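Across the two complexes that follow, chain A remains constant while its partner is chain B and subsequently chain C.
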Partner chain A sequence: MIIAEQKPLKEIREMIAPYKKVLVVGCGTCVTVCLSGGEKEVGVLASTLRLADAVDGNEREFVEQTITRQCEDEFIEQLRGNVEKVDAVLSLGCGVGVQDIAAIFPEIPVLPGLNTTSFGRPSEQGVWVEECAGCGDCILDETGGICPIARCAKNLLNGPCGGSHGGKCEISDDTPCAWALVYERLGRLGKLKTLEEIKPAKNWSTAGHGGPRKMVREDLRK
Partner chain B sequence: MKSGSNLERVLQSGNFAVTGELGPPKSADPEVIRKKAGILKGHVDAANITDNQTAVVRLSSIAAGAIVMPLAVEPIIQMTCRDRNRIAIQSDLLGAAALGMKNLLCLTGDHQKFGNHPQSKGVFDLDSINLLKMVRDMRDEKKFQCGDEITGKEPRLFVGAAENPFADPFEFRALRLGKKIAAGADFIQTQLVYNVPKFAKWMEMVRELGLHEKCKILAGVGPIKSLGAARYMATKVPGLDVPDEIVARLKGAENVKAEGIKLCIDIIQQVREIKGVAGVHIMAIEWEEAVPEIAEGAGLLPRPQIAASEANMVAAE
Partner chain C sequence: MSFEPKIIAFCCHYCAFAAADLAGSMRLSYPSNVKIVKIPCTGRVDVIHLLKAFEKGADGVYVAGCLEGNCHYIEGNIWAKKRVKSVKKLLDDIGIGGERLEMYNMSAAMGQRFAEVANEMTERIRQLGPSPLKRNLSDESNDGCEETCSTETPERSTVEV
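So, the complex of A and B:
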């Protein structure tokens, strides 16, 4: 899923300061699962902002609405009634959601309530880790199902580097060394020999370095 | 001869090689470099010029190399993958070769998190192994990384790499060295050796793979300046293995600096006895003054003067 985390309250309050009526929009997909921007988080954030405004003596109204997905036009259309009544939208969707709402309602400011961080999964209660970098050229078949592009701090294709110690990355003891994991996994699979091959320099053009990416399915186009 | 550098000649002639390290300043002052070069001159066969070591901005390695060359110190240009993509690296290598530089050390580079610009973007377009391959192919195949031919003069560099025998997984380290050699490494400088038995064990694995015959291996050594430094290296630096007895030896010393130099000399003598070790790389960053004393104490002086013809002859035998 897409992982996103809520921006600091101070930053959100500064963003909404010029507006008198704000629609807080949740998204029912990824950010609901990572507990950052679902219906529940919309409720908690709106209440917190109302309380903060009450303490400061600000007059501001908040409207709450959560849609199934902020990345598909037909769901965003469901916001129209509320959008017409407010002077700003605060989206608790990922960066795609913010942009899609802004595209559909170009006359109203759409503000990001989250910082979108990565593609990942919950590794334990309250912890989400990045596991895919969306590089557009998957090599997980060669690396035992562990991605060195997303999970090695140096994106090495021929690791582990000299900083690998006790299964940890040199940048932090909280970070597992992806190449130590690859080594361990390939050992289990009886494929360690494949690590002796030199993996050639990566083609980064599919990783966003070739410009914004677009998927086209001619068979589905009208 | 790959490049005909002094370092290559010394190694090819079968002499025990000595390299040093020169860290450029965090300023535009060439005098700092000249002073350090003056200390290293005559005591090493070539000196690594670091490339923004520990991700801290410093005067460029190639520029510093150009400053030391007229002072009779042969530079080993260090090049990391952290700050440059393949276009910038190849461009810089053409420039370095045009300026007369003949040695290059290929590194992935310390992560930018450790430096003074932790918010910078790490490039890591290539890793050290693909960097080695690119430099070797530029020299031997006269090709750029993309496959285009180098139509004029190709950069002829004696290519080195680093390897850390003490990093994990230990049993993969010699195999990874093999990858670096297959990718083009002519010589290797290892991480600092303080745990000699573990280093010897690694060298045994290296010899089993026959790697010492395909590549010249220089053991990394360095004096420890203080007890605090020893403790810090023992506990805080990933990839360094400083055994307790080393810390204890320095703790028991009256003059820690003198003992640190003596310890370094002892380690040089121990690694010199290990089959397949072709030289030492003395790392005394910001303590260059220690290098002459270490080289003298370890019986490594005077440094040999090898003519290219002589080295060729020995290599042919």
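So, the complex of A and C:
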């Protein structure tokens, strides 16, 4: 899923300061699962902002709505009734959601309530870890299902580096060395031999270095 | 006119609410400022419930659950403790003040302690004064909160969620 975390309250309050009526929009997909922008978080944020405004004597109204996905036009259309009544939209979706709402309703400011951080999964309750960098050229078949692009601090293709110690990365003892994990996994699979092959430099043009990426399926297009 | 705070107490069914019941049976008096909201377990108390209590006009809020290690639902009171801690920080950040919110633990046999906590919290909020929200709220805007913060039906006013 896409991982995102709420922006600091101070930053959100500064963004909404010029507006008198704000629609707080949640997304029922990834950010609901990472507990950052679902219906519940919309309720808590709107309540917090109402309290903060009441303390400061600001007159501002908040409307709350959560849609199934903020990254598909059909769901965003469901916001139209509320969007027409407000001065700004505060999106608790990922960066895609914010942009898609802005594209559908270009006449109204759409503000990001979250910082979108990564593609990942919950490793335990309350902890989310990055596991995919969306590089566009997956090599997980060669690395035992451990991604060195996302999980090695240096994105090494021929690791580990000299900073690997006791299975940990030199950047932090909380961070496992991705290449130590690769070594251990390939050992279990009986494929350690594959580590003897030197991998050539990666083609990064698929990773966004060649501009924004687009997937086209002619068989599905109208 | 002296300030009388409105205080909401989220009390769990198995311990704190039973302690409140015992306090009544023991004929212990505690301030009528405290309005009890009965919940199955303090683990049911979410951040939004605590914020809504303040939004609707409470001057102070506390959550009272079983003693740690004795929760009927194993660890509901531990979750409540974490949520209270995070909301206290939030209240500090927005200028309401985290000291207006507290977590207490007591067993069903601690009727005396229930009354002490009610007195302690009422006295604390009296010292702190009215919620900062009230400086900017008109009387009309408080009308919608009778269910949780009316002062007219004291001791026997319990609401179940």
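Here is the rule we use: the second predicted complex is superposed on the first by the 222 of 222 C-alpha atoms of A that agree within 3 Å, B and C clash if a C-alpha of one lies under 4 Å from a C-alpha of the other, contacts with A are read in each partner's own complex, and residues count from 1 in each chain.
Following the convention adopted for this analysis, a residue touches a chain if its C-beta (ideal position, glycine included) is under 8 Å from a C-beta of that chain, and two chains touch if they have at least 3 such contacts.
What you see is a predicted model, and the numbers here were worked out from it, not measured in a lab.
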(message) I'd like to know which partner A:52 touches here: chain B for first, chain C for second, both or neither.
(response) second
(message) Under the stated touch criterion, which partner chain does A:136 make contact with: chain B (first), chain C (second), both, or neither?
(response) neither
(message) Just checking: does A:183 make contact with chain B only, chain C only, both, or neither of them? Give me first, second, both or neither.
(response) first
(message) Per the contact definition in the header, classify A:167: touching chain B only (first), chain C only (second), both, or neither.
(response) first
(request) Report for A:28: first if it touches chain B alone, second if chain C alone, otherwise both or neither. (result) neither
(request) Once the structures are superposed on A, label A:200 by its partner contacts, choosing first (chain B), second (chain C), both or neither. (result) first
(request) Quick one: name whichever of chain B and chain C touches more residues of chain A. (result) B
(request) Classify the contacts of A:40 with the two partner chains as first (chain B alone), second (chain C alone), both, or neither. (result) second
(message) Between chain B and chain C, whom does A:95 touch in the aligned arrangement: first, second, both, or neither?
(response) neither
(request) Report, in rising order, the residues of chain A that make contact with chain B in one complex and with chain C in the other. (result) none
(request) Could you pull out which chain A residues touch chain C in their complex? (result) 9-10, 40, 43-44, 47-48, 50-52, 54-57
(message) For a test of understanding, state which residues of chain A touch chain B in their complex under the given definition.
(response) 153-168, 170-171, 177, 180, 183-184, 192, 195-196, 198, 200-202, 204
(message) Taking the touch rule as given, give the residues of chain C at its contact with chain A in the complex, in rising order.
(response) 46-48, 51-52, 54-55, 90, 93-96, 132-133, 135-137
(request) Could you pull out which chain B residues touch chain A in their complex? (result) 81-82, 86, 108-111, 113-114, 122, 124-130, 133-134, 145, 162-164, 167-169, 172, 175-176, 178-179, 182-183, 191, 238-239
